[in-house]
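Labels A, B, C and D are assigned to the chains in the order they are written; within every chain, residues are numbered from 1.
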Amino acid sequence: MRDQSISFRVKRGIGIAMMLALLAFSLLPILWTLILALRPATHLFEPIWSSPTALTLDNIASIARSDFPRALLNSFITAGASTLLALLLGVPGAFALSKRRFSGKFMASWLLLLLRMAPPVGFVIPLFLFYVQAGLIDTHIGLIFAYTSLTLPFVVWSMWTSFNQIPNELVEAGLMDGASLWQVLRLIVLPAARPGLVAAGVLSFLLAWNDFFFALVITRSSTTTAPVAIMNFVSYASVDWGAIAVAAIALTLPTVPIIIIANKYIVQSLGGAVKG
Amino acid sequence: MTSVRASAAMDRSYKLMLLPASLAVGIFAVAPLVGMFVLSFTDFHLIRGWSGKIGLQNFLRLAGDARFLSSIYVMAALSFFGVVAQVVIGTAIAVGLDRIVKSWRFARGIFVIPFAVPHIAVALIWLSLFTPTLSPITAFFATFGIEVPAMLTSQTGAIAAIVIADTWATTPFVMLIVLAALQGISPDLDEAAAMDGATRIRSFFLITLPLLYPTLLMVALFRFIETLKHFPLIFVMTSGGPGRATQATNYYAYVQTFQSSNVAYGAAIAVFLFIFAGIISFYIARSNARLSDA
Amino acid sequence: MGKIRLNGVNKRFGAAEVIPALDLEIEDGEFVVFVGPSGCGKSTLLRLIAGLEDMTSGAIVIDGKDVSNAAPGARGLAMVFQSYALYPHLTVAENMAFPLRMAGTPTDLAQTKIARAAEVLNLSGYMDRKPSQLSGGQRQRVAIGRAIVREPAAFLFDEPLSNLDAALRVSMRQEITELHRKLATTMIYVTHDQVEAMTMADKIVVLNAGRIEQVGSPIELYDTPRNLFVAGFIGSPKMNLIEGQEAQVRGASVIGIRPEHLDTVAEGGWEGQVMLAEHLGSDTFMQVETQAVGMLNVRMDGEVKARHGDKVRVAPKVDKMHRFDAEGLRLVH
Amino acid sequence: MFTKRRTVLAAALMLGTALAGPGAFAQQTEVDVLLFSMPSTLGLQKLAPDFEAETGIKTNIEVVGQDVFESRITLSFTGGTGDIDVVHTPAIQVQRWVEAGWLAPLTQTLSGMPDRDDIIPATLDSFKVGDDHWGIPFFAETGLLAYRKDLLEAAGKQPPTTWEEMLDVAAAIHSPDTAGVVMRAAPGQGFNMFVFPMIMRAYGGEFFADYPDDLTPTFNSPETLSALDVYIKLLGEYGPNGVSSFNFPEVVAAMQAGQAAMTVDGTSIVSQAVDPQKSRFADQIELALPPAGPAERAPALAVHGLGVSASAKDPEAAAKFVAWATSKETMTKLALNEAYPDFTRASIAEDPAVKEKYAGIQADFLDLRIAALQEARSDYRPLLPTWPELGAAMGENVNAALNGMMEPQEALDAANEEMGYILGQ
């Protein structure tokens, strides 16, 4: 029953053209950043086609020598540890929220959403003042905790949704088979909810990795993260576009493979969630 | 007879599972929020400190602050156009990948790349694209003698620029969710519609789209709330300009807090945003609860 | 061993009493079927026995031991779920090994048990597959296999056949019966399908609104239903229940006649018109609309020439008639 | 727990080491320095080992971007985090910080400096609040004009000496390829409010009725209005596409890429236009004094110094660092090593090596700079604690007028009213 009429082909052609345009919209800014990263300062401001061979690795070398790699490492440590912490604390909580019978589930889900949506600009100052008291300014642990305020509500909320898709019978089968609740979670529910776990982990990592604001306020020299460090290339009288482009790429490189690999799981886990 | 609890131990396990998460949420997330509310009733100033005065003065001032009111207008514009663009384009890509050019499955991995770029980098990349002296877009059109209008010099243009950058970065998220929903809609329905004589386009609008509607609404609300928190894009791309044309409410809170040191007033603006987000998330949570009951 | 006793078992959800206090004895090795319409509490009762729900009050005693406070896994019971509840990430062999792993059974002993169960259930060829690669019937068998390896005191089945197609359901029914004979272990089986109950059970427990309506062997229930509910629930096609004058004549508020206890007669009886005739070859089912007593289900042996619109006369076998009083309870002669 | 035990252990270790992070070993005298990024501060960072070798005091010099700096400094001081001993102190901030009690006076350190008279007096005065000095200058930037010699010659025009002439020259050389003029326009006390007062003052406009005695705002005076009209006309008619959102990076880029023929901006901007490493038109660009007006010539002035935090761990060591960093010796090294013509000691301009280096830019470059500095008013931007807010209010309204979102008079009135509100608070 395949329709191969001319009008069908035209429509398909329009569809493909639209997709190509959208693909260009997605990719060209990335390509532009790559070009910017490889252009010497003297040719930065002219179009690539007028001097296609004026390329240099100087920008990369200068980034490599700067403090930026250390900031990148800080980003990794804090985003990674906060994700790990959020999963460690949040997954059992989400499991209990999903499988335990109790009233107030609605309030709990509202609270979690609300926390995820709170504007950091409002509470970053109280957080800062508290951190000063607690001696957590410019420490990894302080930033990890701050990020956990973002990642934990997110992890609980999204794992809750994931666990709702795991049939209760699976939990009960495990209990009948002699497993404790913790064993059920570890041996049965988590493996069965793996797409959701991967999605929650990846998205929560991105959430922390993306942050600019917390790091700006509560870090100092030793724990600055990459999104803040990138702003150091905007200096008193000049903006080092080449360095910024290299830094932007460096900042994106670790997350691109993660998102490419994980997008399948995100779709899978969301798939169940949106079906309800 | 006394009540018997066969699964008291199980219940203890459940509570044990909930406890660390609840504590952590309370300490990391709720406590600073309480701090925010407290601050909003004071007159704390980063330089002048706190006079000891507590009251509603910040909220009263908000009501008459023209900059605050215009910041809401800017926020509304940024949110509305951003969300519409992201949902429309995200849906278009998802439908394209899932229904029109199925052989392009590989392209999904490419479409998601912008989602992995941190917002601060997004802002810097698009700033360079919207700076006429630097932009390859301007240069490209200039070779044909066409002058691309400068985006960042008018309110419309600057809002459009932020919306475009935001759309670029977050459309993939919408796409992933819509894709997920699409895969839950059986292609049988399209075939049934075809048997009933509907063209593919009509069957998309009459069958697929209504089925996607709850998903689209949900993702739109989510994106909407995220757009209320716009910061890096405005901070880097326009610094709130031209004039104050892109000082959205969240950014205005930043300006008050950090540039003018009026922490308490900034907190009051944030409280306003928080309450607003609370209303919307109440709606999300309620529809969500309905979904999971069904 | 698997003797189970329920003493005053009671369950409430808030204000709603789902199961009023109830007593029941299940003998070792018995095949007991809980049957009733959906929502009658049969699954809840099973889950109370399993320990998956908390009782509000009462006691459950297995082999003389009060397990009311024991965790589900500690009661020595195995359960087969309606959806099979196979662990999707584990292979067939790993699924079956899971309860043994939890019990800390040594690996080689576990292997032997699994192999034996697999053989009994014809699963030997599929041990390395994941549940998603199996057919419905195979999944059902894996679920049973996972229950068998534990060598439980009793098996609990929660509507295990409802997700299978009709043909498979019949053959699985036989397989489970066969299994019960082989293992001679207590089995408690929940279904809403009275055919399953009749064919499989040693003892049927008919439940309605959380209350036990009758306990007995299939034939006892069939021949002497204790009340109108059981009379109407057991048997297919349903027993004809007749109220009004015809019942009063016989000193009852309601009389019941099973379809096979109605005959066509040349004279007398009730006159009616055939509204529907189903010819199965071995039997003929008819629905006859009568003036006197309304619609009647009639079952005749062999092929009977009858078509829609034919006029017939049907008469009950009086000695097979059931009589019920105004409360719906059976009247004894 | 539910993940493998090893992972948990790794996480615990990671958290543990993070806890034991900074400050665990600090016993030697240390000075924490926070600077914002400019060639001289980056150069200072490189010279830090010299200071340690001389004094045995260890320094942690952190150089951050300007935006990061501003958020951080306020928070660190307010919160009393104690992570700053020596701080980069822009003169426009000094009153504010002193009012808040964040700085320690440096009067004693200053009087102990052997060659204090060498410091250009106008720059030193910027840091005087009350009877004390609260910072020692190390950077002074003034306004200069940069123009494309080749284009002006082709049009038969002389370099403009007044803003009127500037309009005239811009009109003559403006073309689709090369705009007549480019200036920063983005809203901000350090952005458009760094360049606009040059025009305003030239036309006789003042911020206040009688600074510092009578702080009644007069930003909506007819003088300022004519200045704003010139600013709008220059950029609106002869500026490159999109100029009204330009900040210094775009200004630099436009000059370097030949997209604009003239600019008036600080020395650190215009000197990049003549830097052959970055600019492809370096040899065509000449520098001159900024244009004057009916009232006066008012070159921009931006002075930065080093201050000592009131909560410095070791005030003495911190003061030592400040003295070292602003010493003639260090400044000379910086002037030679980096692009740093903005030194604040007069004698360095006499140093033959320095002279030779900056003659490379333009033979009379250092003289031009000194000449401009001499004409510059120390209250180019008023030294008030509320300046950041005042500057933001003016900058935003001026930018709105530039972009046609407000009528010039309307914008000035709005700014004036907001200034009154801020000062009245």
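Definition applied: contacts are C-beta pairs under 8 Å (C-beta built on N, C-alpha and C of every residue); 3 or more make two chains touch, one makes a residue touch a chain.
Not measured: the values here are computed from a predicted model.
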Other chains in touch with both chain B and chain C: A
Top chain pair, ranked by number of contacting C-beta pairs: A-B
Centroid spacing, where centroids are CA-atom means, of chain A and chain C in whole angstrom: 53
Centre distance in Å when chain B and chain D are each reduced to the mean of their C-alpha atoms: 36
Geometric centre distance via CA averages, chain D-chain C, whole Å: 88
Shared-contact residues (touching 2 or more other chains) in chain C: 51, 71-72
Numbers and ranges of chain D residues touching at least 2 other chains: 67, 71, 75, 253, 257, 259
Numbers and ranges of chain A residues touching at least 2 other chains: 44-46, 85, 92, 129, 175, 180, 182, 185, 231, 241
Pairs of chains, among all present, that meet the touch criterion: A-B, A-C, A-D, B-C, B-D
Of chain A, residues touching chain C in the complex: 167, 169-170, 172-180, 183, 187-188, 191-192, 194
List of chain A residues in touch with chain B within their complex: 1, 11-12, 15-16, 18-19, 22-23, 25-27, 29-30, 32-33, 35-36, 44-48, 85, 89-90, 92-97, 99-100, 105-106, 109-127, 129-130, 145-146, 148-149, 152-153, 156, 164, 175, 180-182, 185, 206, 209-210, 212-213, 226-227, 230-231, 241, 244-245, 247-248, 251-252, 255-256, 258-260, 263, 266-271, 273-276
For the chain A and chain D complex, residues of the former touching the latter: 41-42, 44-46, 77, 81, 84-85, 87-88, 91-92, 128-129, 131-132, 137-141, 144, 182, 185-186, 190, 216-217, 220-223, 228, 231-239, 241
Chain B residues within the chain D interface of the complex: 46-48, 131-134, 138, 147-155, 158, 235, 238-245, 255, 258-261
Touching residues (chain side chain C, partner chain A) in the complex: 47, 50-52, 71-74, 77-79, 81-83, 85-90, 98-99, 102-103, 146, 150
